[in-house]
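Pasting in a structure now, in structure tokens, and then I'll have a few things to ask.
Labels A, B, C, D, E, F, G, H, I and J are assigned to the chains in the order they are written; within every chain, residues are numbered from 1.
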Amino acid sequence: MKKIDVTEAIFEIKKAKGLSWETIAEAVGMSDVWVTSACLGMNSCPEDVADKLVSFLGLPAEAKSVLMEYPTKTWDQAIPQDPLVYRLYEIVGVYGDTLKEVIQEKFGDGIMSAIDFSMEVDKEENPKGDRVILTMNGKFLPYNAW
Amino acid sequence: MKKIDVTEAIFEIKKAKGLSWETIAEAVGMSDVWVTSACLGMNSCPEDVADKLVSFLGLPAEAKSVLMEYPTKTWDQAIPQDPLVYRLYEIVGVYGDTLKEVIQEKFGDGIMSAIDFSMEVDKEENPKGDRVILTMNGKFLPYNAW
Amino acid sequence: MKKIDVTEAIFEIKKAKGLSWETIAEAVGMSDVWVTSACLGMNSCPEDVADKLVSFLGLPAEAKSVLMEYPTKTWDQAIPQDPLVYRLYEIVGVYGDTLKEVIQEKFGDGIMSAIDFSMEVDKEENPKGDRVILTMNGKFLPYNAW
Amino acid sequence: MKKIDVTEAIFEIKKAKGLSWETIAEAVGMSDVWVTSACLGMNSCPEDVADKLVSFLGLPAEAKSVLMEYPTKTWDQAIPQDPLVYRLYEIVGVYGDTLKEVIQEKFGDGIMSAIDFSMEVDKEENPKGDRVILTMNGKFLPYNAW
Amino acid sequence: MKKIDVTEAIFEIKKAKGLSWETIAEAVGMSDVWVTSACLGMNSCPEDVADKLVSFLGLPAEAKSVLMEYPTKTWDQAIPQDPLVYRLYEIVGVYGDTLKEVIQEKFGDGIMSAIDFSMEVDKEENPKGDRVILTMNGKFLPYNAW
Amino acid sequence: MKKIDVTEAIFEIKKAKGLSWETIAEAVGMSDVWVTSACLGMNSCPEDVADKLVSFLGLPAEAKSVLMEYPTKTWDQAIPQDPLVYRLYEIVGVYGDTLKEVIQEKFGDGIMSAIDFSMEVDKEENPKGDRVILTMNGKFLPYNAW
Amino acid sequence: MKKIDVTEAIFEIKKAKGLSWETIAEAVGMSDVWVTSACLGMNSCPEDVADKLVSFLGLPAEAKSVLMEYPTKTWDQAIPQDPLVYRLYEIVGVYGDTLKEVIQEKFGDGIMSAIDFSMEVDKEENPKGDRVILTMNGKFLPYNAW
Amino acid sequence: MKKIDVTEAIFEIKKAKGLSWETIAEAVGMSDVWVTSACLGMNSCPEDVADKLVSFLGLPAEAKSVLMEYPTKTWDQAIPQDPLVYRLYEIVGVYGDTLKEVIQEKFGDGIMSAIDFSMEVDKEENPKGDRVILTMNGKFLPYNAW
Amino acid sequence: MKKIDVTEAIFEIKKAKGLSWETIAEAVGMSDVWVTSACLGMNSCPEDVADKLVSFLGLPAEAKSVLMEYPTKTWDQAIPQDPLVYRLYEIVGVYGDTLKEVIQEKFGDGIMSAIDFSMEVDKEENPKGDRVILTMNGKFLPYNAW
Amino acid sequence: MKKIDVTEAIFEIKKAKGLSWETIAEAVGMSDVWVTSACLGMNSCPEDVADKLVSFLGLPAEAKSVLMEYPTKTWDQAIPQDPLVYRLYEIVGVYGDTLKEVIQEKFGDGIMSAIDFSMEVDKEENPKGDRVILTMNGKFLPYNAW
């Protein structure tokens, strides 16, 4: 089994049992964003989480070590096409320099880590149309001089 | 004057007067992220904001109408290179499919708007290293069937 | 079954039964453009439409939930090659800035949504050669300042 | 004077006099979309239209022949970035195969011409948000066998 | 059967029977260039031609409707590599602007159609080396003002 | 003076004197396609042609040696955008494999030279719309085995 | 059998029998570079060479006609990556303009043919490290004026 | 002065004095290919060669140190377009794998250096058309295991 | 067996036996970086190393000659995406010109070989977070003048 | 003054005074690699270093604040061309997956930081040819689960 096989098995089980990512996340005690990324093969599971995923979903035993493998993170499209993902890319394009100005003004010369990082998605109900609240939380890493 | 000229004038004044984006934002009563993007030429100012920016910064009068012009939003690098901006691009690459799963589970088939949208940057102090909190807030737009 | 399998099944049935997209569209009570896009896997069907498609075409029962899945919308060619599609791309290239000028003059700073959107194709008979009338209808979304 | 110089002159005069594309279009008796494209240097003017544009806008006499020159139609971005133009590109990507199916079902094997072509933009007022109506009208060109 | 399957079947039969494109073209009463393009899946056959091709070559009956299908015309290499095809690409690169000057001087603002189009290849014997004569014949399409 | 300067000088003189490429070509005793390409800087002139061009057009004396320089032939767009040039590119894409089949059937394994090459443009009047006749004439070069 | 199948068969036999390209070349009476290219499917064999290759290597009879087929010459990487091949690409990049200067000074305006062309690889023993001697031999083709 | 300025000065002097690369090369006692590359800014001159170039050509004294600077070697076109240079690129594409096979058979696992490297161009007179003989000479570098 | 098959076999055995690259490297008496690269198919093994790898890991006998084959070194992504590899690419981008300045100041005009080259990875324990020490060791190759 | 202006001023002074990067580095008490990168505009200087650079080199006072500005780090060539830099890129391509295996085996799932990072270049004298020793030192950053 490779990560892609485990991902496909999870999608089949999820559909057959009518599970949501939220339910799976609660069952293993992690956030829905992170669990989804691990199930999509974009993060490695600590052993206890792998255990819980295998038993909650009824995955084959072999899936445990696959979930724990360190993934090679790649994506197919340098410029994403699906509208939901493209809009995020567009935000990076339109606001990238702005965020550089604002973050470096508040923190100094450095970056927001994408490794020591977490993210969550919330729903804000609104009579004019509900709103997606996407929160990223990354450690600030200052540049080094030597 | 074109938008780029106004942007350069703002950078010069900002440096000469030792202003921060935060100060400028407070002076015109808008958020620092949005004001920075408008000063970088990536958003158009409502008339009252343009008035306040011109008078607070001491820009030439001609700058007002330029700040109000509707920008053509473009960026130079399809794949950004500056590490701060690249990390955001990487997050879209690594977590794009994950966000599609999670957002569409919570909201149905549709996207988070990048137009009816706002964003803010906060600093979370932390003894192990401060953290950047980046919050995006976009209207959910459901797909239409016809 | 995945969306691509349902699409192939539909093409086979459509050819075997000599159906047109127009006939299929009428049978399910939606427009021909939208129905075609859903059959090509580029839009998700509301449950009742999925039901009607399955029964009208005689698709396997499993196809219903597949038709209802939220698609990942991607296309193979950043610059399309088939002449019919390329001409549309060329129109965007040649007239893109023009449309930005005209739409934003009429509506203000914002865009035409491609999500809250519909489109139709009509035939105008003309002795010098029939004409294709392609009508797009998208909600205007004004930019937000915050 | 080159086309780009005439375009810049037109933008300056348009701003100084507070003219809209619609007003300019009415003054020369053509549609606003076409006039805008000609002013942006993407179409050549028939002599009478060039005359009217020069006199209505007060362009230098030399501009007349420049407006009549046959343009080389190019655009900077193979994948457009400005959100208004990108959404049109996205529509071509998402619905390109759909339009090929529907147009060729109605007309036979061939394409919609982007040369023998016109386009208009209308505003449909709507309490839930006004809508952009974009109508393309192109001659159907059947493929030749020989 | 898809177009690619019919193309492969034709290549096998053509090799097995020692046929040339010229012979096939004569058998179906069309030019060799067009017949070859139809056999390669780049043009759709009128019904009578499809009938003749199927019977002359001894293709399976199912091939008839496949030959009549409207093809999606695509090619693998944006910049072709095979030397024979690259030289044609090079001619377009080296002489593209020249042809624009000369054609538009002779015909006005417009293009040579690639749809209402035919092409032939002839051999000119020459003691210094035979010459390829490639003749393209396309309808001139003038641009429209509206 | 560089080739681009001579080209610009020629365009100015050509416009000021109302000359056509055809007239210039006749004056120097070469074809219009080749003369245009030499004036655009894509071919080098033999000395006598350079002499005639300089004297017929009234170019500065220095232009003679520039016209005789061997050009570096490049073009800006790997995939051309102007519709007139794109259609030629599209023909290479759609018919490239076809031409390889037909030319190699008639001549053997080899290519049509783009160096030992000439081309002409003719106008065929036709009540349904005039037609562009584009004729390429290149030496066949057989591959070498060693 | 396609060219790729013949190539794979040759590699298997070559390894099993412990043959070198040099031995194969001698057996068929051609140079090692050309024979290798023909075995890799990048050149077509004259009939007698195809006969000798088939009998010397013990290929299936069907391979003969495949070796004689005219290849479509393509390569996977526009910028090659394997260090041996990249260095050749780098030489073209670094010395391309230099070679244009030197060749055209010696021969006039034209090119070195890559079709009427041969190449050989020799080994020069040298105590400081052996040296690769790569010799290309191509017909000079002068540009044509017409 | 930068390398590009020295190159332009050399081209002007070379044209004004009617010098050839061969003459310049003889004057400084180096090969014509290497001297041309140094004059084009693609190699650095040893001090004595720089001295000779400056005095033979009558360059400004400042040019000496510029000729001795270590160049940054870059080229504009990943895929070259000028036909003379493209043919070399095509040879790398068509024969790259062949050369890897032949060189590594003769020398073992390694590459031909493009740094410890020289190259020359010769003219072979031939009644059927003169031939360009291009000889590359590079040190073989074996891969290291550690 | 091809290199990819041997690589997959090694990964399976490595996982089944719980081996580390370090253990494998020690068993065959080479460094861990080089052994890993050879197992990934990016370097060829000397015969004795191939022997040891086959016997230590229990690979099929056929793997020996495959491990000794000279690899074609290619990679999928011109711009790598996995964060660990991207950071190395970013270092080349950010510090490439810097390294050129510093290396050429210390060594003269030339390069660091990537062929006569070795590399090692060490771990520096550090209470603030362990550090990766990556050391490259390549022969300096001076440019040649001729 | 912008960073590029300061860089050019430094290069001029460095050449005029015959300084090396090593000397400059010693004068300001930092490593030569880092100082070079800061002078090339790829790192920001702490205030005391900026002071020392300005006074040691005799830069205009305005340069101090420019040296302290946070740079936007970009590079022109996604795939570098200068051979010295390309070899580094090639090492990333050839050994990227290897380094991922080895680093993650030693440290766990995570990356080597390119921000909390330093690098040095050393010269190892060797009778067979001196060797470049390039040492990178980056903090290991483990991935976060949440």
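List of remarks:
In this text, a contact is a pair of C-beta atoms (placed from the backbone, for glycine too) under 8 Å apart; a residue touches a chain by one contact, two chains touch by 3 or more.
In this text the structure is predicted, and so the values were computed from the model without any measurement.
In this structure, the chain pairs B-J and G-H differ in their number of contacting C-beta pairs, and the larger number is found at G-H. Centre to centre, using the average C-alpha position, chain C and chain D are separated by 23 Å.
Chain centres here are Cα means. That of chain E falls 42 Å from that of chain H. Averaging C-alpha coordinates per chain places the centre of chain A 30 Å away from that of chain C.
Those residues of chain F in touch with two or more other chains are numbered 33, 72-75, 78-79, 81-83, 90, 93-94, 97, 100, 104, 110-111, 113-117, 141. In this structure, the chains touch in the following pairs: A-B, A-C, A-D, A-I, A-J, B-C, B-D, B-I, B-J, C-D, C-E, C-F, D-E, D-F, E-F, E-G, E-H, F-G, F-H, G-H, G-I, G-J, H-I, H-J, I-J. Here chain F touches chain H in the complex through residues 65, 72-75, 78, 114-115, going by the rule given at the top. Partner chain C is touched in their complex by these residues of chain A: 15, 77, 79, 81-83. On the chain C side of its complex with chain F, the touching residues are 79, 81, 83, 86, 90, 93-94. Touching chain F in their complex are the following residues of chain E: 20-22, 32-33, 36-37, 40, 42, 73-75, 78-80, 82-85, 87-107, 110-114, 116-117, 119, 121, 123-124, 126, 128-141. Interface of chain C with chain B (complex): residues 30-31, 33-34, 38, 43-46, 49, 70, 72, 97, 100, 104, 108-111, 113, 115-118, 141-146.
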